[in-house]
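Structures follow.
Here chain A shows up in two complexes: once beside chain B, once beside chain C.
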Partner chain A sequence: MDDRKQKIKLFLSRFFRNHDLAHDEDIFALGFVNSLLAMQLVQFVEKEFGVTVEDDDLDLDNFRSIDAIDRLVEGKLAPTP
Partner chain B sequence: MSTLAAVSPGMQVELAPEQREAQRIFRGWVDEHVVPHAERWDRDGAIDRSLIDELRRRRWLGAPVAAEAGGGGMDLVTYGLLTEELGRGCSSVRSLLTVHDMAALSVARWGSPELRDEMLAPLARGEVLGALGLSEPNVGSDAARVETVARKQGDGYVLDGHKKWMTFGQVADCFLVLAQLEGAATAFLVPTDAPGFSRSAQEPPAGTRASLLAELHLDGCAVAARHRLGRVGFGFSHVISSALDHGRYSVAWGSVGIAQACLEACLDYTAERRQGGKLLREHQLVQQMLTEMIANSRAARLLCCRAGHLRRTGDPGATAETMIAKYFASRTATAAARDAIQLHGANGLTDAYPVGRYLRDSLVTEIIEGSTQIQQISIPLMVPADL
Partner chain C sequence: MTTAPPETAVTATPAAKPAKDTKPRSIKVLIWDLDNTLWDGTLLEGDDVRPRPGVVETIRTLDQRGILQSVASKNDHGAAWARLEALGLAEFFLYPKIDWSSKAANVEQIVRSINVGMDAVAFIDDQPFERDEVGHSLPEVLTLDATEAATLTERPEFKPRFLTDESALRRSMYQADIERNRAEEGFVGPAEEFLAALDMRFTLGPARLEDLQRAEELTVRTNQLNSTGQTYSYEELDELRRSSDHLLLIAGLDDRYGTYGKIGLALVETGGPVWRLKLLLMSCRVMSRGVGTIMLQHILSLAKQAGARLQADFRSTDRNRMMLVTYKFAGFRQIERDGDLLTLEHDLETIQPFPDYVRVDLG
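Here is the complex of A and B:
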């Protein structure tokens, strides 16, 4: 899981230069999140972790922080009962 | 079909043999079916409708949509080569593919299962023509702030608003429309047979004159719930943004086509016209202009190839690389067209040569799918893929 968070952090850090992003830090509160980053985030999650972001996943809270994105991916990867 | 392959230890930037072959076919088809008619279409303000049937028959409408969904399943670099060739022949024809595929890919990516069942295969096969419904009389670059409104009514939605500059809006069967639903930008696929939908033809503008522009009038236009794309409030940030991302890819390649057309026109002209006792191409300042065209059109094509490769692999840096490619290629097209007219002298400003059309069409590429200025303020905030 830490490896996954590290990958998410690495990706986001490219947008937030010179800022050590905490795992629970709200990236929307930091500014610089526009529609293009929002879309790139979806592409990153899908490509990096091999999941499909569905309509129901499109919730800002799912992309608000490293922890939130990690939870989203974890939920997507969990075997369905 | 494979595409550009990274080969250790270096990077291969040549097209694969099957891509070269596809390019040869596209080029031959455009030379036969598009180039001879493009001036007339431009003059008349309309392409021949039979051309749309032919594009459909060739499976070039919906070419980038996955084969499983009924589309052409064309790899994205090959699709780029097709787009370049169409852009070389006629930017209006290229723009048909641009807007249709933006709509088709949006339904594929963001449509509900019910909407995909209903619309995806016909769109992917080009049997149903799609187009965009984004710009409005008061809204251009600031697209998220459209004034069209949607409200929930019963099981569906009702839209009210006015859209303008819809490419191929006169003939499209459905439109990807952005509207404010409870103050949140939301996307809908609006079929033209929806109650309350009407459209009117616009006068052809100076560039891409044959693209059958229309205004859309949504007056209590009722659509079913399944025609909403993506979640409420994510219509611009995700649905329209990814459509525009594809649109920029298409426009970038189309711009390369314009630059290539300018180059070819100038190589021909400067090889036959004599001034000062020698051919134009023997004058050093003419050679300088040709060199600029050659170098920049090649650079633009390579940027497009790279964007295509990254798009094919789903790299999140593809959006930034596509934006860079569109920025560079559209500016290259206008610069090449300006120089092409300069090299043709007064002849370049007459209908006897195509370079005037190339300039008018190139100007459009710097406005649509994010103007040059929008790219200039967006690219520094994006993170491109590693080289």
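Here is the complex of A and C:
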């Protein structure tokens, strides 16, 4: 699980260079999220963790921080009863 | 496809276009040979080479029409480029390949750098061998004999459907982009600092009559970043522009490297208590510049000032998911789905200020 957060952090650090992103830090509050970054982030999550991000998952709160993205993936990978 | 400067496409490339036999294709890039094609004689044999009759006029006319040009020549780079500069022609050519490699390889590389489809490329050379070699490796390229140089501008393939103010600027926009990309690659530091260093000036205001051709062109050319996939004709846009219950906004962008031209369009239906954002689109060239968000922020503020609610249409086209992500990440929520048409709404409670790395002029 921490491995997953590490991967997310590594991906995001390409956009927030020179900034050590905390796991609960709000990336939208940092100011710089454009359409391209947003799209690349969604595609990264899908490809890296083999999940499908549905239209309904495209919510700010699901992508706000490393922790939030990790929770989204966790929920997607959990076996449905 | 598109003549926009190199794109960082993040979605899949579209399927190959079916061959159109009925309509002549449209050439977007012309690649010139030099010896006995662009000029008379052979440079390295010591000839005092001069442009062949009509060639300079052809180059200038095509440039005005927004057709990009390059050079593929087996020659000494330094000597040939110096000669082109002395003739005042060097500035017209993007990504010139002057070396001893095969012409096919060089044509391919030029086309990849400019990023257009092979079927939008023409190659002109006096030697049948070179034309055959290019035609064999790249069968979609239109190959032309040097004897055609003076009359090229008469051919239908070289008469684009759209001729806008931006056509004449297209080459310089590419040149600005080449410099900009070089600067971006060499930049170490947060992306936001790079954006600030660009000194961007963003203009946004109601579309005027003279903007409509470009507006139509944007709806036709922009696929990845069109919120509904819909295109609008000049006449439709003119009607919407004059309609009292619609707002047609057009956006432009400039920076220290030059202009990007008009790069964004938005159509808002403002007749009732609920405003409806029918269309939001932006050029692929600016998707890393935060432009979509700025347009949205402005429209959100206008709706809020007018005391209206704001809803937006989104229709998935397989290629425009980025626009859905843009809406969602700007705080829109889905309130309805009717087949493939989504209705989104923004609560207008929190509207972010414009980013401080860009100056916004509202017209």
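Going forward, the second predicted complex is superposed on the first by the 81 of 81 C-alpha atoms of A that agree within 3 Å, B and C clash if a C-alpha of one lies under 4 Å from a C-alpha of the other, contacts with A are read in each partner's own complex, and residues count from 1 in each chain.
Note that in this section contacts are C-beta pairs under 8 Å (C-beta built on N, C-alpha and C of every residue); 3 or more make two chains touch, one makes a residue touch a chain.
Predicted, not measured: the structure shown is a model, and the values here were computed from it.
Trainee: Chain A superposed: clash or fit between chain B and chain C?
Mentor: They clash.
Trainee: With both complexes superposed on chain A, which partner does A:Phe11 reach: first (chain B), second (chain C), both or neither?
Mentor: After superposition on chain A, A:Phe11 lies in contact with chain B alone.
Trainee: Given the touch rule stated above, what does A:Leu58 touch, chain B (first), chain C (second), both, or neither?
Mentor: A:Leu58 contacts both chain B and chain C.
Trainee: Which partner does A:Leu21 contact after superposing on A: first (chain B), second (chain C), both, neither?
Mentor: Neither partner.
Trainee: In the overlaid three-chain picture, which partner chain does A:Phe44 touch, first (chain B) or second (chain C), both, or neither?
Mentor: first
Trainee: Which of the two partners, first being chain B and second being chain C, lies in contact with A:Asn34: first, second, both, or neither?
Mentor: Both chain B and chain C are touched by A:Asn34.
Trainee: Between chain B and chain C, which residues of chain A are contacted by each of them?
Mentor: Dual-contact residues (chain A): 15, 32, 34-40, 42-43, 55-56, 58-59.
Trainee: Which of the residues in chain C come into contact with chain A in the complex?
Mentor: 8, 10, 188-192, 195, 225, 282, 287-293, 321-326, 328-329, 331, 333-334, 342, 355
Trainee: For chain A, which residues are in contact with chain B within the complex?
Mentor: 11, 14-15, 32, 34-44, 46-48, 55-56, 58-59
Trainee: Contact residues on chain B for chain A in the complex?
Mentor: By the definition above, chain B touches chain A via 110, 112, 144, 230-231, 234, 236-238, 241-242, 245, 313-320, 323, 378, 381-383.
Trainee: Within the complex, which stretch of chain A touches chain C?
Mentor: 15-19, 28, 31-40, 42-43, 55-56, 58-60, 63
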